[in-house]
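First chain A sits with chain B, and in the next complex the same chain sits with chain C.
This part shows the complex of A and B:
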């Protein structure tokens, strides 16, 4: 029992919004779709909801044609980036609305609405109007209205993007608990944040320029990104990519930097490569000189944007530190954690964690 | 450029009420010449009220405002020479980029030659040089915001640059450039800059000194490191950092702190006041370590949950009724079942009634 997309295409003015999408969503599964803005994530959800018609391809649910089914007959619920609620209705009436419209008697609709409101932590707010709630509470109302329908398919389009970061942190945790109970539904959740996609997803799908470029178990995708592009998108900050070569048993990088070839790359032939190293696998040390372009704080991390002979790159320190623009720092590379990609950008060899998932 | 002092400033929007609610409770602050400051707090905490008092849009109910020691409290806005950047870019839509930047100087009747020199200098700094002749309305949001900023920078008489959530409408990918520009501007012009935001990441990235506000009060003033390492209240410990700081209840037992999972030694220099209530120890999730049962000062708990974030994994450990988070590197081993945790004393903060118990040195 699954929702199956085959060869789905949506193009406008020569631009592919969806480019030959083939995906299978199983009942009880929670799928996170990770991609930058304009990657096609929203278009994909809208296609499932029936708000957009593909020019090519098929969409079936439990083997029956879903594309021919009008929007109102699809048992789909959707939560958007913006907090969309009926401003003139109370929280309870907002949540009960889809049931009332489907002909459920008032008492029963209200009872189910109250159950769901309890689940999203709004039990004490049922009499309020949405405008009298905080942003996080308004989004919980929208989520409750989606859940109350017990739809077969639950679509969430970057639901946390308009909330501040403490609230995002809190709601992500709550979502994890709420979604665990949705065994009868297919849940599809889009986000631009790798940590969110990894934390929430049973399976993760990376989209870029309208196409699916990798999918799999979140940690498998994180540890063994198929291409440089995947490695950039699945890491925040993006994985550092250095152009270089393997010559005479050394990795040679720009600026005359040489590293011993680590064991996991010993089998690679000489020649040019792209080398990838996560921001977390660089440390302040003594090997390579570089200058601070900007030091940013994100949560409990310091993200250092650096430039040196080796090129521009990003280093990530756990904890809060200050570095002024233009400061010189020395850094070390952890060669045990280096990924190598072909000149065309395909993963060739990765550290132990990557190889474990590639087998 | 000026040092700005707020002396016993307080403000209420209902001065005639018998029992007025103060949007800003009495506070004293000094903003040094050339410093970068962030006012950080949730909406409704009083940060915009404070900004409006400085720019003169609001007369404070009480207190004095000094610019370089001179009482400016009664001065009208134009005489204060404040440059302000708002959430949404403000540009004169019928003017070119160049005319927008020159406008404050035209108003001040500056000579044409001097005007051109200053506009060019600022355009250079903001990477707007090749766009000077373009109509301002045709630029993207981030460039429009740079124009708003530039209009403040061309003037040579600015006491301070105030910014109210200036990156709200900027695309995430473009924020990097503006953050960098703001830092460079501060260095180049030595301007006193005040940045209002509810986003801790914005505040921590921009400012050398952060003023954390809640409910009309200043809760803590400090550098990003101070807020992270020594939060003055449990609220700051929760608000700054992700995941939030852990807090575990404890009681005083001789020179030990007794928690539900075992006792830990008192950090050096901490002396708990005799009638202190509601004691808690606070520790960042990154600083908690898994250890052996025979490690002195270790506390006992049970693994409840392990969450994967890619870059890190976070284990939630139950200590009886309470929870404690441990942040680990990606791929790090996590024990199962009963575990022992070491809380290094150098990273421990002790709180009494939600306030940090200070350490003597």
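This part shows the complex of A and C:
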């Protein structure tokens, strides 16, 4: 029993919004779709909901053709990234709306709406209009309206993106609890934030330029990104990529920098490679000189954007420090954590954590 | 500095309001005067400066002889304006929703061109339409009838209603209709249950425009009627100050303006309600 997408294509003016999508969503599964903006995440959800028709391909739910059903008969639930509510209705009437449309009598619909409003923490707000609520509360109303239907398919399109940081953290945790209770449903959740996708999903799908580029258990995808593009998308900040080669038992990077080949890459033949290293696996030290292009402070960390002979890269420094733009700093690389990719961008070898997940 | 600015602001407001309101005051006082009151120069305070009389108002409903009976034209005007506005608003709302939500292509013409087509017929001087309208009404035997006038006014008001409503529907986010459909409404249900209730200010504006244009039209009311049917603007203009006294002219002017003033007050509430806030961030 599953929702199956096969060879789904949506193209417009030669641009692929969805490029030959083949996915299977199982009942009880929580799928997170991670991708940058314009990766096709929203189009995918809209196709499932029936708001967009694919030019090619099939979509079946429990072996019946889903594409034949108009939106209002598909009985999906959806939460948009904008807080979409019905402005002319009270919070209670908003949440009861889908039930009333499904023919549930007023009293029963209101009772169920109240239960769900309690679950999302809005029990005291049922008489208000959505406009009289904060952004986070408005999004909870939208979420309640999606949950109240107990739909077989629950779609969430970057539901936290328009909220402030604190609220996002809080709602993300609540989502985990709320989704746990949806065992009969297929939940599909899109986001641009790796942390969100990893924390929430049972299964993660990475999309880029309309295509699925990797799929799997979140930690497996994180530890063993299939390509450079995957590695960039699943890390925040994106994984640093350095161009270089393995020659004479050394890793040679741009700017004449040489490193000893670490154990996990000892078996690689000589030749050109792309090397990947997360921002957290670089630290201030002595080896490589580079200039500060930008210094940001995030919580208790300093994020340094650096450029040197080796290329441009990003480094995480624990603690809060001031660095002037143009300052020269020395950094060290943790070669035990280096990923190596082929020139075409495919993962060839990764550190121990990556190899554990590779077949 | 700030207080000077404030003073100037209030002075400007005062000046403008008197410019707008004083003619009404003048008409209002005149309508309660008799010959003695009118000829005695500008006077505004009843009982103190002149003896008020209801004579000017009584004449309006009196038939024959001294009377100018504007009751029949008044009723005709109300019927024609309201029917034409209602029909235009209903058809215009549906047309506007279509233009706002669906993509039409007519050769190289797109939605915005079609919308412009609707309003472009109001760019022509009305006189261009007078002869075709006359011939058409004559063909159908509708000259000098209420029904004929309603038809003509629908043709004139429909573009306005459509044009105003397209703009309002464009401001209701499409996601709201989509959400209504996801929540189980078919497209017509989404329109009736969600889009329409959120467009009440637009419907109020559209209705207001229709009523103002319809109520004030003189040209078609004049060219397409003869004896059986007469609308208020024609009846009022037909009054002649050498026959009809000034106080009756003032009274008839006031009763012709009154409905618009009342409607403006009612509609103003809808306009300021800002109902759409919070639909989408």
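Quick note on the criterion: the second predicted complex is superposed on the first by the 356 of 359 C-alpha atoms of A that agree within 3 Å, B and C clash if a C-alpha of one lies under 4 Å from a C-alpha of the other, contacts with A are read in each partner's own complex, and residues count from 1 in each chain.
One rule holds for everything that comes next: contacts are C-beta pairs under 8 Å (C-beta built on N, C-alpha and C of every residue); 3 or more make two chains touch, one makes a residue touch a chain.
Nothing here was measured: the structure is a model prediction, and the numbers come from that model.
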Item to complete: Scan A:82 for contacts with chain B and chain C and give back first, second, both or neither.
Response: second
Practice prompt. Identify the partner contact of A:236: answer first if only chain B is touched, second if only chain C is, both if each is, neither if none is.
Written response: first
Discussion item. Applying the document's definition of touch, where does A:97 land relative to chain B and chain C: first, second, both, or neither?
Written reply: second
Worksheet item: Touching A:210, do we find chain B (first), chain C (second), both, or neither?
Response: neither
Discussion item. Is A:293 touching anything from chain B or chain C once the two structures are fitted on A? First, second, both or neither.
Written reply: first
Worksheet item: Which partner does A:194 reach: the first (chain B), the second (chain C), both, or neither?
Response: first
Worksheet item: Is A:159 touching the first partner chain B, the second partner chain C, both, or neither of them?
Response: neither
Response to the item:
Check: chain A residues flagged as touching chain B and also chain C none
Item to complete: Using the touch definition up top, name the residues of chain A that touch chain C in the complex.
Response: 49, 51, 70-72, 74-78, 80, 82-88, 97-98, 101-102, 129-133, 135, 138, 145, 149, 162
Discussion item. Which residues of chain C touch chain A once you look at their complex with the stated criterion?
Written reply: 173, 175-176, 178-186, 189, 194, 197-198, 275-281
Worksheet entry | Interfacial residue positions of chain A with respect to chain B in the complex | 37, 164-166, 169, 176, 192, 194-195, 198-199, 218-219, 222-223, 234-236, 278, 280, 293-300, 305, 316, 318-322, 324-325, 353
Fill in: Touch list for chain B against partner chain A, complex
171-172, 176, 179-180, 183-184, 187, 198-201, 204-205, 208, 223-225, 227-229, 238-239, 241-244, 284-286, 307-311, 327, 329-331
